[in-house]
Each structure stands twice: as structure tokens, then as C-alpha cells.
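Take a look at the structures listed below.
Below are two complexes that have chain A in common, paired first with chain B and then with chain C.
And then the complex of A and B:
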């Protein structure tokens, strides 16, 4: 049995220090103007009763990940722990993942895709991803998804006393997200899609159209290959009949 | 095969250049495109090389009709009109296509400069050419800003046009080699006997031109 691993971000604790972003850039040796973690801020209410809502725009590690399905090179794969890994050395930079991701996470720049690599080496050694271990506010956790869900439920129950709309995001979306978020308000307030989805044409294209196309090409090769000797003999015979 | 026969001009220089430019760019586009599609070829596509090659040759590919129009406008017009106009002999020819597939020309209805199979081939190439170019351009300039549905629609149409073109090309190569027709597209000239056998109506029409002004303008001795 594979165990689902994942992240839990308590957005109510994030102080927006961006330490995770910098740590991630260093871990993955990214140029200073490239990042795998972006932030989105939203203000609700009016002064002086303002609430700030912060969330990270980073891979949500969808269980049913359309980016993995669409990636034509195998650069995007699911780990046994169900995290979505990216191997940039296989990437052609086609940007299909950026087009299909319902969260608009991957960025196709410099002929490759930029998205969270899930700190593959660390995680497979049993360590925490660097964004998690760097977080000074304890807003990020990493671990077995089932356990993260349990602790998220407790925290949400406490938050609901002050924020009645507080909730967990990612329980069911895209088959269940590996990046669970604790929100103080509705997902829409954070700019998160309530019902993210990948268009059904994706499955049709990959599972029906493509195999059918290749089969038809194969059939054409077979039919012409098998008839070639007979047909050219017939033709030569007709010519010599003159 | 056809020794000591007179040769007649079937393809002008412009037509031959256009044909080979299209053929070369098609195969480069196909192989660079396939590396973007088949995981085992992915190492060839890494770092965007294949995508660059695909774009360069897409430009060559799309310029071929422009070149053709400049080099031989009448030829291009004839190609388009002939490809979409079918007479009774053409329909009969298509019904008897299985014979032709197996190398038998005798008993096939007489054909013009293009036989009905070639007409269908050209007609489909024209339609898929337009489809693959338009969808390719949308992907080129729009990728990143398309909705999921727009994007998937474009790649699927691009793929469908590609499959049709590949299958047409397999058939095209098959007939070329069964009927030894490669020479015609290389030199432009075909043997008069071949023309009589495969394109009787066309040969008759150029012979009619000959009687009008005294000599056969499009011929030379082999």
C-alpha cells in the first residue's frame, strides 16, 4: 500500500516572510528571477476592520494530476508517495502542463517548466522539504496526508470561533490535493477555484484519439507493406505484355 | 522499363521545387513534432531544440504555397481546381481503385493529368495543410493564454491533420514506388508510354495542342 504524503499550509499563520521561497530557490538552484512559490494577497472588509488573506501559489499535488497525464515527455511523474515530481532534464518546455493545470501553477520559461519539485531527494530520504523546514511561523507541515487532515480539522474547529467560514481546502478537489490549505474564509476569497477541473477532452485525446491515430498509421504501413511485392509484380507484368 | 520512348513534360520546375520543399519540410516537421509527442523520443526534445526546429520548418512549410503562386500561378490554380473537380471517369476510377492498388492500370478509366486518386490526395493535403497551419499558428502564438478547451481543441486538430497527412504520405510513397513514378517528379518528364497508360486524356490534350501549332511543345527524346 502506498501512503499518501502531503503538505498542510495554515494560511492564517503565514506571515509572508517569503523565507520558503528563497530556501526553495537555493535548494533547486534557481536563478534569482525564477521561483516555484508565488503568493497571492487578498484584503476583505474596509478600514479599520480589514482582514488579510494570504495563500501560496504552488503545486497542489493533485491526486488525479492532469499535468502528469498531459506531459508528453514523462518529465512530470507521480511518486509512490503521490507527490507530483518534475524532472527538468527530461522537459521539452512545451508548456502543456501550464495550459492544463487548473491552478495555473507551472510556468513554461527558459525552455522548461518551473513548478514545485517536491524536494524529491530529501523526501525520499525521509526528510522534510526545505520550504517546510524553513518556515519560521510553523505555517507549513509535511507528512502523511491522513494525519495532516486530522490536525487540520482540529485547527479549523478552533478558527471557526472567530472566522465562521474557516475551512479545509483540498479534501476532494482533483481527487484530493496533496497540498491541504487551512483557510479562514471561502476559497473564492483567496482566488482559489471552488471546483477545479481538467477538461474531459484531455482523457479523450490521450486515451482514444492518440492510440487510434497510431493504429491507423500502423494499419496503413501494414497494408502497403504487405501488398507492395504483389502490386509491383502486377505492374511489371502489364508493362511487358505490350 | 520504357526504353526508347519520347518523354513529355508533366511537372514544371516550379511544381517540382514546391513538391520537394513541401516534402522535406513535412518530414522535418513530422519528426520534430513526434519528439514532442512520444515519451521515448523525449531526450531529443529536451531544452526546446525540437520546438525550435519545428517552428523554423513550419515557416518553410507555410511559404511553399506562396512560392508556388509566384513561380507558377497557373499551375497552382490548376492544382486547386483540378483537385476538387471530379468527372464520371474519375468516379469510375475510384470504384475500381482496388485494382490500381494492386498494380493493375489496364481496364482503369482514362485519366487527366492527375488521376482521381491523386486528386483526392491533393484535396486532402490542401485541407489538412490549412488545418495544421492554422492550429499550429494558434499554438505557437497563443499557448499559455488559451483556455483548457481552446488549447485541447487546437492540439487535437493539429494531431488529426498530422495523422491524415502521414497516412496520405504512406499511400503516396506506395504508389510512387509501385508505378516507378519518382523519376517524373525529379526530372519533370514522364515517358510517353507511361502517360498513355496512366493519363490518356491528358496525353490526348497535349497532342491536340501540338496539332494546333505544329509541334509537341512539352516533349523531348529520351
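And then the complex of A and C:
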């Protein structure tokens, strides 16, 4: 029986120190201008009653991950723990994942995709991903998703005393996100879609064309066979009429 | 600790074959490298700021891979901030100094070690003969290796003037806390029920484990109040942000003391038994009502009453944080007295040494070199060149000294030679022209550095040190319930063979200067002597990096190292030197012109991913700034609107001293009187190519000044005009 693992980011505890970003770059040996963790900031209210809303723009580890479905090379795969892994050496840089992602997270650059690799080797050794282990503010947690949800519920209840709209994001979206967020306000404030969907024309390809592809090929073969039969019958008829 | 790395990807055998045939993807080469890698872990102490957090350095095939927090180290507790991850890359930084350099005009010429050291020795002997040891100084960011070798070297020369960066940081704390309770205490964040930060910003002036403790405490329900003109990263998670007019924190603290005393909310038993001068303090604050403070601070009187009552109701498990530079560091004319008032207000809460109050821990008791074999040089008796502690000059300045006044003394020809290590006063004190002219005018200025900073540009000689991962240093101690001993061992072989560590250079110089008798021991012998009483060998510490000692019992009430042995509300030496012996209101030196919509007070502060300008040249950290446009000047939204300034607009910032252009962040998160500039930018050394000319630096706009009480640099006493460029 596999267990769902995931991240929990308590955005109300983040001090925007960027330790996670640089630790991740080092772990994955990325150059300084390539990052798998970006941030978005949004102020609400007016002086002096103001809140600064922080969220990471980072792989949300969708349970129903359109990127995994569409990836033509198998570079994006689901681990047994339901995290979305990326093997850059398998990636052709086609950018389909970047186009289809409902959260606009992957970046197709340098002939590869850049997105969270979920620190696969650490996680499979039972360790935390580096963004979590370095988080100086306890804003990031990693573990069984069900446990994370429980602790998030407690925290949200406490936050709601001050922030009535405080909520968990990712409980249901895309079949449930592996990156759960504790928000102090509505998702829209954070630039997060309430009902995320796989994006654009590619979604059509993934949802309708790709699954039925084999049937179509079969149908095409049948049609070819049928037309051959009709053509030869007609040919024979023509011959006999001569 | 050594182990062979597991295969990078379980599926990689198959994928490797696939990738090899496609031949398109260079990540293939990368992934294969991963599989073959052997990984080693070695302990070190970070150099991204002066906290020296304990870290593990991961080497892959002998090259730096990554760093991670050391779980035993009291300052990192397993976590590291962005600066630590970024600062490790200094190791391979192409902008490092790799050979001794000598300045000729404005050019630097590589010279041999022999030539550099000979020239330095000859010149120094000449100056010593002509002007005496009073005309030379040593300046640094004081950490163990520099403190030990620098101090011993100066003392051997008979030179008393040893300065630190603190007159541009927090020397006011030594003055204010020192006079009141004998030392700057720590705070028990984890045990507190109620915390007030006045200007202190854990989230951006990071000491890693403090942030961890704070957020843990907050999850448990500790109330945290942030008082700051700016809604900083700590205010972001705090229970409450109370903006204050910059420079008026003293009025707030005096008014809170007024409420706590007049409503008899203070700890009477503590005040009775452990303090002196309470009657004078009570009399002094009698007129400072919240109603009086409201128009000064821009905080409603009702809020001040509430804060005072809430704070007192949690005594003694609460505190106003002792702080660092924010609010009552070296910022305003009234900062020393603000610190005094904060110390006195804490004393009213009886929180000295209580759980959730202020802490007074000691460091480990290190051993010493055998004095028979290695006699210490006598402590110099000459007056200091910077006038610190000298009658008629700056009697109340701390022994941290006055580097900006030294620049003045150099201009006057009274100081002739300087040694500076890991410290950049030319960029990090106000008025770079004043600093540069003074330091560049010295007959001899030796700078020990890894990078060619603005201060190094003024040097006659630059001596290159290896980066912190390439050198062993002096064992350092950390105060705590369980005092710790920490070591920065050499993690990798020197990258640049011509670099030498500070201790090596000082010993070589000492021999050339005829004071070699004080340096007849190796760094290793010194470290063994220091560790001898602690029950850990140097070999073990090289493996572990951090050693936590036994818990040291502390007295219920700390021993206050003040003249009376008690908490001093009344400080006699202040009165003797013409300053108020009890904290009283004093306005800041300058204020924005209320009739001029372009007039702002220029304030500054740290960002969590930079240590002032020291890290601005690191590509990984500078890229964070670039990705977030984080070098922008903050302006309050209503003030910006009145000037027609929109978010992202370029503006001209002008003071009597300088003008410069920068883009604006229009925000609701700032007091209307303030224009806020992050403090990490505006490098001007051409040898720091990534950082040079990027962003503005507050010190360009601020004149050279000295605060009347202890001579600090008053870095936020500057008014600027802002207009659309």
C-alpha cells in the first residue's frame, strides 16, 4: 500500500529569506540564474492595516498531474509516494509540461524542463527535501499528506481568529495537491486558481486525443481495409462490365 | 564522515542507455557524474555573516557541492539561511584576490610575499620610530582568529587602537545595556509569552535559530509585537505591526515606562532589591504620558497604554528584545538613550534571567597558552588614536572604537598606519568620500581580504587570505545554558596557492618587526591549549565541528557587571560626562520638512539574503535581488501618489551630499515619513563586477557625523528629497 507524501507550506510563517531557493539550487547543481523555487508577494489592506501575502511558485505535485500524462519522454513520472519526479536526463525540453501546467510552474530552458525534483534521492532515503530541511522559519514541512492535512487544519483554525478567510489550499485541487498551502486569505489574493485546470490546447490533446489515439489508428486501419475491399469490388465490377 | 553515494536514479541504467543513443541531452553527462560521485561531509562555520553558524560542507569528488545546517550548533540548529548556501560559493569565485597586491596610484600590481611583507615592515618601523605606536590602528569584524592574533600583534607593538565595525552597527547596545546591566543580554524567545521587537527584525537580520525559536513560539501562541516604521519580514508573521515615526522610539519607551510605573504594574520586589536610581528614573518619566508621546511617535495614546499593560501583565516571561542595529543601533542622535530606556523598561518587568525573559549566559572557559613559555605582551598604556575612552575626546565611546573618526585623524596627519581585516569601513560608514580620503591618505594601509573591497581600494598593500573553507581558525566559544566550542577546520586544500591565512601572515610580520618572541607557537598549539580544560581534543573537534559542554548553573538573578553590582536606572558616569544619567526625551538630530512633499527620512535595513554589501557580489544571492526588483526604494503609497510616483518608476534621491537614481516600490507597508533603502547595494569597487553600480547605498547620502554620547555614526540622521527622475 503506497502512502501519499507531500509538502505543507505555512505561508503565514514565511519570512521570505530565500534559503529554500538557494539550498535547492545547490542540491540540484543549478546555475545562479535557474531556480526551481520562485515567490509571489501580494499586499492587501492599506497603511497601517496591511498584510503581505507570500507564496512559492513551485511544483504543486498534483495527484492528477497533467504534466506526467503529457510528457512524451517519460522524464516526468509519479513516484510511489505520489510526488512528481523529473529526470532531466530523459527530458527533451519540448516544453509541453510548461504549457499544460495549471500553475505555470515548469520552465523550458536549456533543452530541458526546470521544476521541483522533490529531492528524490533524499526522500527515498527517508530524508526531507532540502528546502524543508533548511527552512529557518518552520514554514515548510514534509511528510505523509494525511498528517500534514491534520496539522494544517489545526493551524488554520488558530489563524482564522485573526484572518477569517484563512484556509488550506490543495485539499481537492487537481485530485489533491502534494504541495499543501496554508493561506491567510482567498487563493485569488495569492494568484492561485480556485479551480485549476490543465491549460490550453494541449489539454485537449491530453484529455481527448491522446487516450483515443489507438482507437483512431485502429479506425483508420479499418477504414483503409474497408476502402480496399470496396475498391477491389468496384475494380472487379468494372472488369466484368468491360 | 565518508560514504559512497547511492546511485542517483534507480531507473538510470535504462535511461542512460536511452539518452546515450539519442545524443541530444547534456544532462546525461551530468547524471552519469552523479552516479560516480563520492561524497564527503566536513564541518565548518559559515562566513555569510558574523554569526558563524555551524554547517556541514558536502564535497563531491573533492569539490564543494552544498552546505547544510549543523544540528548541534546553537546558532544554526540544523538550518541555514540563503547567505550560507550562497557564501560557500566564494570558494571558486573568479573575483578572489589570489596574490599579494601593492597599490601604485590607483592600480594594483602583484608582488611577492617577501616584497610585500618587507615593505610593510620597513614602513611600519619608520612610522613607529617617528610617530610611535599611537599612530597605528587595527580594524576588523571581531571574530576569534582576528581578535586573538590582531590583538596580540597590536599589543606587542604597544599600539592601543583596535576598532571594530560596531560604530556603524550596534555599539549603542554596549553603551546602553552595558551601563544599565553590565552586558548586552540575550533573550529566551522560546519561553516568552509576550515579545516586543522595536526595530529588531529576526526575519531579515537573521540569526537562524532565533527565527526557528520565534516561529515555534508563535505556533504555541506567544504574542509578538513589531514596532518599526517598516512592515518588515518579522512584522509579516507577528501578531501585530505598529508603525512608528522613525527616530522616535525613545518617546514610546519612556511613555510605556510612565504607564507601568504610574499604574504600579512593575516588579516592585525586583526593583527594590536589585536596582539603583529608580526614584530618579520615576521622576524623569513622570511627564512622559502616552498623550505626550502620541504626536511625537505617531502611535495613538490608547495603543501605548495597551502595549504597556499587556507587556506588564506577562512579566516576567516577556521582554523588549535587546535588539541589534534596528531602531537603537547606531542610527539616531538619541539611540544610546533609547537603548538605556529599553534596558530600564525591561528591568521594571523583573525579567533578568527569568524563563521567557533576558538571558545572561557565559561562554566556555577556554584554556590559555602556557604563560611561562609564551608570555603575553603587556597591554598598551597609550591613549587610543580614535579617542575612545579618552578624556577630552570620547570618554563614553566603547572599546569597539570609532573607525570614522580615525579617517578624520588620518586627514589631520595624526594617524599614519592601519591594518584592516574582514571589514569594509569605506563602504559601510557614512560619507564614502570622507572615509576614502582618510584611509587612502595613510602612509601604510594593509588590508587582509579575500576580495578587493572598497576599503581594499584604499590600501597600500592587500594580503590575500584563503576563503573560510580553506583555512583552519582559532577555536571559538558560544555563550549559552550549555556553552559551546566551535571550530572552522580546513575543509578543502587551498584553491590559490599564494593565499595565506591571517595567523600565518601575522606571525611572519611579527618576525620581521622584531616581536617574534610573542608568536613562538602554532595555531594548532594554541587550539590545543584552548580546548585543554573542556574535555574534547582538537582531533575530535575537527570531526564534529561543534562541541556542546555541560550545563552551567546560573544564579537566579544574574551578577550585574555594573559599578553598583545592580541594575542601574541612574548611571553616574553619564552625569560626570555631561549626559543625562537617566533616560530623558531627546529629539532626533534632523527631521523631514513637513511642508515639503519631497522630503523623507532615509532609513535602511537588511534583507535576509544579503549581509550588507559583503554578499552583493555573489551571483546566487544577487540574482534573488534581481528576480524580485528588491533593490528598490520603498515609499509609502499615499506619499508616492502625491508626487505622481508609480510602482517601478525611476526616482532621483538627493541629499546635501549626493544624488542617485533608483526605482521605487510603492507600498502600504511603510510609515509616510520614511524612504527605505535595503542596505546591501551600491558597491563601487571595480573588482566586484557583479555588485558594482547595482542599486544605491544609504551611506552615500549621509554625512560624516558623531553622536554626542559615544561617537557612533548616526546612520539614519539624513533627510533626502525624492522626485520622479
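Odds and ends about this structure:
In this text, the second predicted complex is superposed on the first by the 198 of 242 C-alpha atoms of A that agree within 3 Å, B and C clash if a C-alpha of one lies under 4 Å from a C-alpha of the other, contacts with A are read in each partner's own complex, and residues count from 1 in each chain.
What we mean here is this: contacts are C-beta pairs under 8 Å (C-beta built on N, C-alpha and C of every residue); 3 or more make two chains touch, one makes a residue touch a chain.
For clarity, every value in this text was computed on a predicted model and none was experimentally measured.
Within the superposed three-chain model, A:29 lies in touch with chain C and out of touch with chain B [touch as defined at top]. Looking at the shared chain after the overlay, A:99 reaches chain B, while chain C stays out of its contact range. In the superposed pair of complexes, A:90 makes contact with chain B and with chain C alike.
Of the two partner chains placed around the shared chain by superposition, chain C is the only one that A:138 touches, whereas chain B remains out of contact.
In the superposed model, A:146 makes contact with neither chain B nor chain C. After overlaying the two complexes on the shared chain, residue contacts for A:188 are found with neither chain B nor chain C. When the two complexes are overlaid on their common chain A, residue A:64 makes contact with neither chain B nor chain C.
After overlaying the two complexes on the shared chain, residue contacts for A:111 are found with chain B and with chain C alike. On chain A, the patch touched by chain B and the patch touched by chain C overlap at residues 89-93, 111-112.
Chain contact summary for the complex, chain A toward chain C: residues 12-19, 21-23, 25-27, 29, 32-33, 35, 38-39, 41, 43, 45-48, 50-52, 54, 87-93, 111-112, 120-121, 124-125, 130, 133-139, 155, 158, 162. Looking at the complex, you find that chain B touches chain A at residues 1-2, 35-39, 42-43, 45-48, 50-51, 101-106, 143-144, 146, 148-149, 151-153, 155-156, 159-160, 162-163, 166-167, 170-171, 173-174, 177-180, 193, 197. Residue ranges on chain C touching chain A, taken from their complex, read 6, 8-12, 15-16, 18-19, 22, 24-28, 30-31, 65-69, 78-82, 84-86, 88, 202-204, 206, 208, 211-212, 215-216, 218-219, 221, 231, 233-234, 236-237, 239, 241-243, 608-609, 619-624, 627-628, 636-638, 667-670, 672. Against chain B, the residues of chain A that register as touching in their complex are 72-75, 89-96, 98-100, 102, 108, 111-112, 198-199, 201-202, 204-205, 209-210, 213, 216-217, 220-221, 224, 227-228, 230-236, 238-239, 242.
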